[in-house]
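One structure is given here, and the rest of the page talks about it.
Going in written order, the chains are labelled A, B, C, D and E, and every chain counts its residues from 1.
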Amino acid sequence: ADLPAIEKSGVLKVVTEDNYAPFNFITNGKPDGFNKDVLVELKKYTHKFKIKQSILPWTGLLAAVSSGQYDVAITGALITDDRLKALNFVAPLASAQDFYVKRAGDNRIKSVADLSGKTLGVQAGSALLARLPELVVMLAKTGGKLGKVVQYQSYPEAYADLANGRLDYVINAVISVNDVVKKHPNIFAKGQAVSGHGFVAWPVPKSSPKLLAFLDGFVKHLKDTGKLKELQLKWFGQAFDNLPDQPITNVEEFHRLAGI
Amino acid sequence: MDLNAWILLLEGAWTTLWISGVAIIIGVSAGLLIALIRQKKIPIIEQLLTLYISLVRSTPLITLVLFLFLSLPALGIHLEKHIAAILSLAINTAAFNAEIWRSAIRNFSKDQHEAAMSVGMTHWVFFRHIMLPQMIAVSLPPLVNEMSFLIKGSPAIAIIGIVDLTRVTNRISAVTYQPLYPILGAGLIYMIIVGVLVKLQYVAEKKAHRLAM
Amino acid sequence: MQQWSAIWGARDIYIDGFFTTVYLFVTSSILAFLLGCVFLYIHEGGKHLTNRLLMSFVSVMRTLPFLILAYLMYYGLPQVGIRFEAGTAGLLALWIYHGAYFFEIFRGQRIVMPKGLIEAAVAHGFRRHQVFIHIVLPYVTMSSLPLLGNQLIICLKDTAFLCIITVQEITAAANSVQATYFIPMKAFVVAIALYWIVGLGLEFGIRKMQLFSRKRGFMHV
Amino acid sequence: MSDDAAIRVVKLSKQFDGVEVLRDINLTVEKGEVVSILGSSGSGKSTLLRCMNWLEQPERGKIFLGHERIGVDEHTQHPMTNKQLSRIRERVGMVFQSFNLWPHLNVLQNVIVSLVYVKKMAKSDAHQLALRQLEKVGMLDKKDNYPITLSGGQKQRVAIARSLAMSPEVLLFDEPTSALDPERVGEVLAVMKQLSLEGYTMVVVTHEMEFARMVSDKVVFLEQGKLIEQSDPESFFNHPKSERVQQFLKTLGS
Amino acid sequence: MSDDAAIRVVKLSKQFDGVEVLRDINLTVEKGEVVSILGSSGSGKSTLLRCMNWLEQPERGKIFLGHERIGVDEHTQHPMTNKQLSRIRERVGMVFQSFNLWPHLNVLQNVIVSLVYVKKMAKSDAHQLALRQLEKVGMLDKKDNYPITLSGGQKQRVAIARSLAMSPEVLLFDEPTSALDPERVGEVLAVMKQLSLEGYTMVVVTHEMEFARMVSDKVVFLEQGKLIEQSDPESFFNHPKSERVQQFLKTLGS
């Protein structure tokens, strides 16, 4: 629903994930992560409505938002061309270039060129899957080609399979890559970038322009108060300073901002 | 696995149990209703019900869950995920329960109907006091059997994010990277739940035996 | 209309998914049938200890959800150093899970099989394995056709669980199509139709076989 | 035709799939009378009996229970509603060849259930009455048994008690002893004989010639749906008029 | 005791759950002889017959088929292996009261299957042989039928053909006509009589006194597991020695 309806009902229906560190994950049965802290801020930011949080698996999450079942997804969603056809995105909260992760000590892979023919794990229906063509182009430059691609319902399972050797590398957004490598330095190692720039942003249905503007205001508020930088440092280990300040609502804009 | 993991598993088991329980109650009654309606052989409704049963028979639960959860909103029906889960389990089990009830109705002895008529019972009294109790006794073993199938199929609801006994294992192993123990723990709890149902089925079979004339 | 063309554009995903499902279903059914037969043969041998083991195995399978077994095969076993491809793990899980159920069905029919048929074979000098192959097996198979049909349908439905362990079968195909194009309704209608086709084919086959066995006096309700 | 008749069957005809299985039957059963219906298999005995409480609907003819017509509302000339039929059937007891006890109820409950739900009797009264009827047929000691644990003869006695409890004006019996072991036949016939002495009006389809001869007031013979002889037992068995009955009695060797 | 015996039973005893159902049985069946075993129900007739092809294992005593001991390897004194037992059983045909035709095979296949898999005969030879045997019992025209479509008498004739095809040295019959309608008994007995004329060695448990009297060379009477009389039919039926047999014959009214 758009903002007026939300204010009338007094409830903002927010959907989050439970399986995508460091944005959303579960500690001892409770939601945790970057977006949990953001939600705390959002509650402080407005008193016009309550926030009702639902936790969904990634599968179907965006479809649920695009169909209006939820008002906004406060997740680590990435912007893609296909998604822009059905959703608008609030001003980005983090930059998201895609990187590969490999097993620590796997000496076969030293650079992107070595990925040729190796088995790759990505999440089904994800932005990373959508941006694989960029990797294909990179590999083609050195005469290589993409190996087998295995699609997972969520990333922890892909990491588990990377750890136990079923996969050779996993592609994920840089923040998640940093996170997993930081948590398990003896298991995983961060590789190089396999795509151009990208953005992490919250998707809102196309039919909610007022809500989009409201949330943009909230992001701006976070930036202005320095809270965003604090949270970025806390959860991502780095700050992203030159993020776009406006919402992204069409493909041309996205391509321009990402430099595709 | 620490105590915390076990607590999470038990919470998951509770979710599995209450969702399945509600689905069973709906499914058993809806099944009876469908069976009774099919007795009447109303032209178009009969074909629709046949189609429904045939479709549900070969549609996997996980497909049904995803279908209901993801596509009903497109029709403007907003489903809370627990409702979607209960609904899909119920839709699935009702089709099987309907067949169980139907065979109980079909095999019901005509003689008993005549005996009831000849002491002046009305159709309703006959159904309520003579037919239904026997149908329940005869159908209970297969119904309980279908209940254990429902429990065994219930992990399908995890895919839409319900933290049931199965999904808890992901949550635990997403932190520990040691999935084996939570899976075994969940398996054990499932075995206990279904094991109880199997025992129940056995008891119901003994009870139903009394009706064998 | 535009959505249907998106589905048409993704037809290769569906076709692959369909064949993966059919492959998993057919292969695992045949293997499970054979496993059920082998278990029955071992059970016929009547060694106390092996029978106890067999029965405990069967009751574990009968009380365990299929997905948990698939999880165990795919995510659990690597922890002890055994690693299968997703397809292999799924096939293995389908195989032993439904093998146990097939055995249970056969055993039920074996118990009610008239003793005289076996005695007649023994009296004619049949060896143990010959009695089993030529008399017991055809008998229990023909008399349990409706139950086998139900079990096969369950087996077909269980293949869908394998999408959770990354097998790209019909449900996974539908899911990836809907996640890319946001057309869940149509994506799953196609999936359900595909399952229905397999299910109808299966039921057709079972009915044909029932005709075959009914001619021989095996009564099915 | 006495005005005091318990049941009057007038010009009754009944078809099954176009085949006439009852033709122009006329029969009067007086109050307190015991009528035996004899005839070879397929002659229509059961059908006639079942018409008497409208379990079968005849095409032509009328049946009266006392002064009231069965099956058709005399005022409106419409078929009776289910409710009206129930009221009529309460007044006619029926005992079946296959007993038809309700297997999910014990002996006592089998008798009570129709008292409570059809006659709307208070539970405690129904209980008292049921015990009395079970005592009458000698089944009091088995009151808590389930039907499956009873012998055929015992089941039939319970079935009789179940019918008696409803205080019917007429009792219909359709071969009440044919499904019984020879040793069990006696116990059921003894109960039936007792009932006749107590003045119950009874119509009995039977193959027990001894019973027909000794207990009944009137014997009726059906042949291919026609009532071809009706007389008192003495003349029926000793001086049968029609050739068909003579032949029937001869093959029985009685 | 002739050395030419087809079957010799020596001091045979058999228990079920501690109860002795056969006690010290001695019996010799000469080649070409037809022996009838009589006795009341439960006297052990079937058990004795079933010991003869080791379907039951006796505790004590020996059984010889020609010169070879059944069930126990005379060299090693160990119980026979399954393989050895199969070889022996090939040589003993058995016909059961309940026919035990294999329902999933048609008449012809019922006869062929043991020829092909036990005797390892070529399919075409087995086919020829089976047709010959079916002709002998008059069932050639039903060769493609499934057992379910046959009458009891026809089933039993197929069962006999099935046993005959194995060219057994001895044929054992356990009440081959008891499960048949009276009209069907004759056709089976006729086949058996024919076999006796052809010189087959047969041991027959039967209640058909006519058959025992007319066809058999020897009649044996069992009572509570003991063999209490064995003689030629003439003296058995006309001058029975033991009181028990006299009584048995009297109740039969023969």
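Note that contacts are C-beta pairs under 8 Å (C-beta built on N, C-alpha and C of every residue); 3 or more make two chains touch, one makes a residue touch a chain.
All of these numbers come straight from a predicted model, not from anything done at the bench.
Note on connectivity: the fewest chain-to-chain touch steps from chain D to chain E number 3. Of all the chains, the one whose CA centre sits at the greatest distance from that of chain B is E.
When the C-beta pairs in contact are tallied for C-E and for A-B, the bigger tally goes to C-E. For the pair chain C and chain E, the distance between C-alpha centroids works out to 45 Å.
Computed centre separation for the pair chain A/chain C is 39 angstrom, with centres defined by C-alpha atoms. Each chain gets a centre from the mean of its Cα atoms; for chain B and chain C, those two points are 21 Å apart. Counting only residues that touch two or more partner chains, chain E has none. Among the residues of chain B, those in touch with two or more other chains are 66, 70, 74, 158-159, 173, 179.
Multi-chain contact residues, meaning those touching two or more other chains, occur in chain A at positions 59-60, 63, 67, 153, 157, 160. Inter-chain contacts, as defined above, occur between A-B, A-C, B-C, B-D, C-E. Interface residues of chain E, counted against chain C in their complex, comprise 53, 55, 82-83, 86-90, 92-94, 96, 98-105, 113-114, 117-118, 146-149, 159, 162-163, 166.
Within the complex formed with chain A, the residues of chain B that make contact are 4, 7-8, 11, 66, 69-70, 73-74, 78-79, 81, 158-161, 163, 170-171, 173-175, 177, 179. Interface residues of chain B, counted against chain C in their complex, comprise 54-55, 57-64, 66-67, 70-71, 74-75, 103, 148-149, 151-156, 158-159, 166, 169, 173, 178-180, 183-184, 186-187, 190-191, 194-195, 198. By the touch criterion stated above, chain C contacts chain A in their complex at residues 75, 78-79, 83, 85-86, 163-164, 166, 168, 172, 175-176, 178-182, 184. Of all residues in chain A, only 18-19, 25-29, 54-57, 59-60, 63-64, 67-69, 153-154, 156-157, 159-160, 163, 184, 187 touch chain B in the complex they form.
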